[in-house]
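Multiple structures follow.
One chain, subunit A, links the two complexes that follow: it is found with subunit B in the first and with subunit C in the second.
Right after this comes the complex of A and B.
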C-alpha cells in the first residue's frame, strides 16, 4: 500500500509540475482573501484593539489562516463532479484501487507544493516583520500538526462526499460553493471566531466549521488556552471527522449502486 | 481596425440567446447565486461595522452603494468577459486560434465578445438596485450632474475592467498552460469590494496606479454619493482611455508571439 501511495503521489506531483503557472494562480487566489481581510481589520484596529485583537494579533491570525487553509483545503468535489458527469469515473472504478486513494494522493502532492511556498514566504516576512513571528513552542506546533491533519481529513471527506452528490444532481458544486460561503464566517476565514456574535460562534463550534480551520489556527497562534480547551477542540474534530466518514460511506455505496444501474 | 465585427457579433449573440433560452432553470440558479453572494458581502460588512463606525472614512450605507457598483460590474464581467476567455487559452494551445485570425474581423473584439452568458446581466440590475436602496437609506438624492458623472464613471469602470481582462488574455500567449488565468483576475478584483481608503498606503498605491481597480468601484460610488466632485468622472474617462490603449498595445505584441500550431 505504501508503494502504491508513493507511486500515486509521484504521479500527481509530476502532473502538477506541468501546470506550475496554474498552481501559482490558485495559490495567489487563496492568499488574497486573507490578505484583504487583514487589511480591513488592520484599518479597524488602528492603534487600539478589537475584542482583544491588536494589529499584530490580526497579522498572526491571517498568516496562520493562509497556511492552514492551504493545508486543509480540498477541491475534490469539483473533480468528483466531473468524473461522474463525464464518465471519467468508469476507468477509475475498473482499477484494483479505490478512486479515493488517487484523490488523497493528489491532495498530498498539491498541498506539499503550495503550503511549502506559503511557509517560506511566511518565514521571509517574519524575518523582517516581528508582528507575524510565533513564539517558539514545539509542543504547540506538534498539537497543531495533529489538528491540521484532522481538519484536512475532514475537509477531504466533506468535499468528496459533496462531490458524490453529482450521482443525483447536476448542482453538486453549487452546494459546495454554498458551504464555502457559510464557512467564510463560521470557519473563521473572514475574522477570528471571537469577533463573531456569540450565538454565531456557538453554532460554528457546535457544527464542524470551527474544526475545519478556526481551531487549528487558534491553536497555532496561541488563542486556545489550557489543556481542557485543547482536548475539547481535538475531540470535536475527531467526532465530526467520524460523522463525515459515515456520510461518505453511505453516499458512496448508494451512489455507486445508482451509477451502475444507469451505466448498464 | 474595421467595424465589421459588430454585425457579426450581433448574429453570434442571437444564436447565444436562443441557446440560453432553452435552459431557463439556469436563470433561477443564477439569481439565487447572486442573492447569496450579495447576502454574504452584506454580512461581512455588518461584521466589520459591528466593531467600527467607519471604514476608510466611509460609513456603512456608503460602502453598500459601493457593493452595488461592485455587483453591477461583476455582472458585466460574468456575462460578457468570462465566457470568452475560457476558450482562448485552449485555442492558443491547440492552434485553433488560426480560425479566428483568418476571419476578416478585429481579433481582439471578436475574441472578447463572442459569447454571452445573458442570465448574469441580472447581476447588473440587482447591483444597481442595491446601490439605489443604499442611497435612499443615506437620504441622499443624487443631482443630475452626479448621476451623469456616475454613468460616465461606471462606463469607464467597465472599460478599465475590460483592459485588465485583455492584459490577462494576452498573458495566455506567454504562459500557454494557463487555463485558469481568470482566477488571477478574481484574486485582484476581490480588493475592489471596499473603498481604497480602507487599505494601508502601499496597497492603495497599487490599486490606484498599478492595477487600477480603485477606478472600478471607489470612483463611481464616490461620484454617486457626492463624496467626490462630478469632474472626477472626466479623470476616470481619461484613465479608462489610457488603460484601453495600453492593453491593446500589449494584445498586439502578444499576438505577434503566436505562431499557430495547426496545419
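Right after this comes the complex of A and C.
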C-alpha cells in the first residue's frame, strides 16, 4: 500500500508541476482569507484587546489558522461530484484500489506542498516579528499534531461523504458550499470562537465545527489549556470523526448500488 | 471447459426522474418529483467461453453498455446472476478486478497532463506488477501497438488513436484474462481502427484472453468477433455466429458480375436484359450487381453464365450494416 500511495502522490505532484501558476493562486487564496480577518481584528483591537485578544494574540491566531486550515482542508466533494456525474468513477471502480485511497493520496500531496510553503512563510515572518512567535513547547506541538491529524481525517470524510451525495442529487457541491459558509463562522476561520456569542460558540462546540479547525488552532496558540479541556477537545474530535466515518460507509455502500455509471 | 462469463436472467432497471418542460415543470419536479422505470436490460442469459471474442450489437440505448458494466462490477443488477472470471463482479473486490480490464472509448484513465508512461507506472504500483514483468509486458505492448516514441509525450499532445492505444497498454499491464471494451475504436480513423483490431486478435492469440466488446463499427464486429450478442431494448435478440445471423435475416444474395466485352457483335449487355434475372441494384458497364432470392442464387448464376459473356461472377451476402438494420427493424425471432 505504501508503494501505491507513493505512486499516487508522485503523480499528483507531477501534475502540480505542470501548473505552477495555479499553485501560487491556491496559496494566495489560502493566505488571503486569514490575512483579511487579521487586518480587521488588528484595527478593532487597537492598543487594547477584544475578549482578551490583543493584537499579538490575533496575529498568532490567524497565522495558526492559515497553517492548520491548509493542513486540514479537503476538496474531495468537488472531485467526487465530477467523478460521479461525468462517469470518471468508472475506471476507478474497475481498479483493485478503492477510490478513497486516491483521494487520500491527493490530500497528502496537496497538504504537503501548500502547508510547507506556509510554514516557511511563517518562520520568515516570525524571525522579523516576535508577535507571531509561538512558545517553545514540544509537548503542545505534539498534541497539536494529533489534533491536526484528527481534524484532517474528519474534514476528509465530511468532504468525501458530501461528494457522494452526487449519487442522488446534482447539488452535492452546493451543499458543500453551504457547509463551507457555515464553517467560516463556526469553525473559527473569521474570528476566534471566544469572540462569538456564547450560544453560537456552543453550537460550534456541540457539532463538529470546532473540531475541524478552531480546537487545533487554540491548542497550538495556547488558548486551550488544562489537561481536562485538552482531553475533552480531543475526545470530541474522535467522536465526530467516528460519526463521519459511519456516514461515509453508509453513503458509499448505498450510493454505489444506485450508481448509474453515466456515459461510457 | 468452464465458462469465463455466465449471465443468468440479468436485469437492470433505472429510475429516471421525469419532468415537464419549462420553469413550471422544473418547479413542480422540485416539490413533487416523478419517476419512471427504465428497463435497460431485461432477463439476459448467456455464457462466454475462455478465448472467445464476443461483440454486443445494438443501437444506442439498447443496453449493451449497461450489460458490460454489470459484468465488470460497476453496476449492481436489479435481478439475475453473474459470474465473471470466477467471481460475482460486485462482491469480487480487488481479486476480481485484477482479473479484468475495462476500457471505455469515451472515458480515459490516462492522466491528461502527464506522459502516458506515468499512468503505466501508477498502474504498476496499483496492480503490484513486479518490475521484470512490467518491463517485459510494456515492451511487448509497445511493439504490438507500434507506440514507439509517444510514451514520453504528454497525453494531451497525443492523437486520439495514440491515446486509445495507450489506454489499452495501461489496461493490459496486469495481463487480465478477461477484457471489457466499450467502443474501443470510437472516433478513430480507419488506420488506427485497423491497428487496434489487429492488436486485439494478436493479443488474444498470444495470451488466450477473452474479449467482450461493444462497437458501432460493423468492421470491428466482422473482423474481431466470432460471435455476436444482439441486444435491443434490453432484450437479447440473438446469440451466435455472425454468418448464421446473416443467413437467417438476409432473404437475398447479391450476384456481382463483371461482364465480358460486347461479344464481337456490337451488342452490349443492358440493364434491361439483366432485369429478367433479378433486381438490378447497380449497373455501370462492365460491372453489375443483381439481387436474387437466397435459394435461387446458384441457379440464377448458372443461367447468367450461359446467357452473357461473363468475365467474373461472385455471390455475396448483402452488406452487413443492411442485415443488422433489417434484424433490428424486424426482430430476429420472427425470422427463425
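By definition in this document, the second predicted complex is superposed on the first by the 259 of 264 C-alpha atoms of A that agree within 3 Å, B and C clash if a C-alpha of one lies under 4 Å from a C-alpha of the other, contacts with A are read in each partner's own complex, and residues count from 1 in each chain.
Operating definition for what follows: a contact is a pair of C-beta atoms (placed from the backbone, for glycine too) under 8 Å apart; a residue touches a chain by one contact, two chains touch by 3 or more.
Predicted, not measured: the structure shown is a model, and the values here were computed from it.
In the overlay built on the shared chain, the residue A:18 is in contact with subunit B and with subunit C. When the two complexes are overlaid on their common chain A, residue A:128 makes contact with neither subunit B nor subunit C.
For subunit A, the partner touching the most residues, choosing from subunit B and subunit C, is B.
Once the two complexes are overlaid on the shared chain, A:36 sits against subunit B while remaining clear of subunit C.
Of the two partner chains placed by the overlay, neither subunit B nor subunit C lies in contact with A:227.
Applying the stated contact rule after C-alpha superposition, one finds that A:93 touches subunit C and leaves subunit B untouched. Contacts of A:136 after superposition on the shared chain: neither subunit B nor subunit C is touched. In the superposition on chain A, the residues of subunit A contacting both subunit B and subunit C are 18-19. Within the complex formed with subunit A, the residues of subunit B that make contact are 29, 33, 36-37, 40, 43-44, 47-48, 50-52, 55-56, 175, 177-181, 183-184, 186-188, 190-191, 193-194, 198-200, 203. Considering their complex, residues 3-4, 6-8, 11, 14-15, 18-19, 87-88, 90-91, 93-97, 256-257, 259-261, 263-264 of subunit A touch subunit C. Interface residues of subunit C facing subunit A in the complex, by the touch rule stated above, are 14, 65-66, 69, 72-76, 93-95, 97-98, 100-102, 104-109, 111, 113-114, 118-119, 121-128, 154, 182-183. Touching subunit B in their complex are the following residues of subunit A: 18-22, 25-26, 28-29, 31-33, 36, 39-44, 50-51, 171, 174, 177-178, 181, 184-185, 190-191, 195-197.
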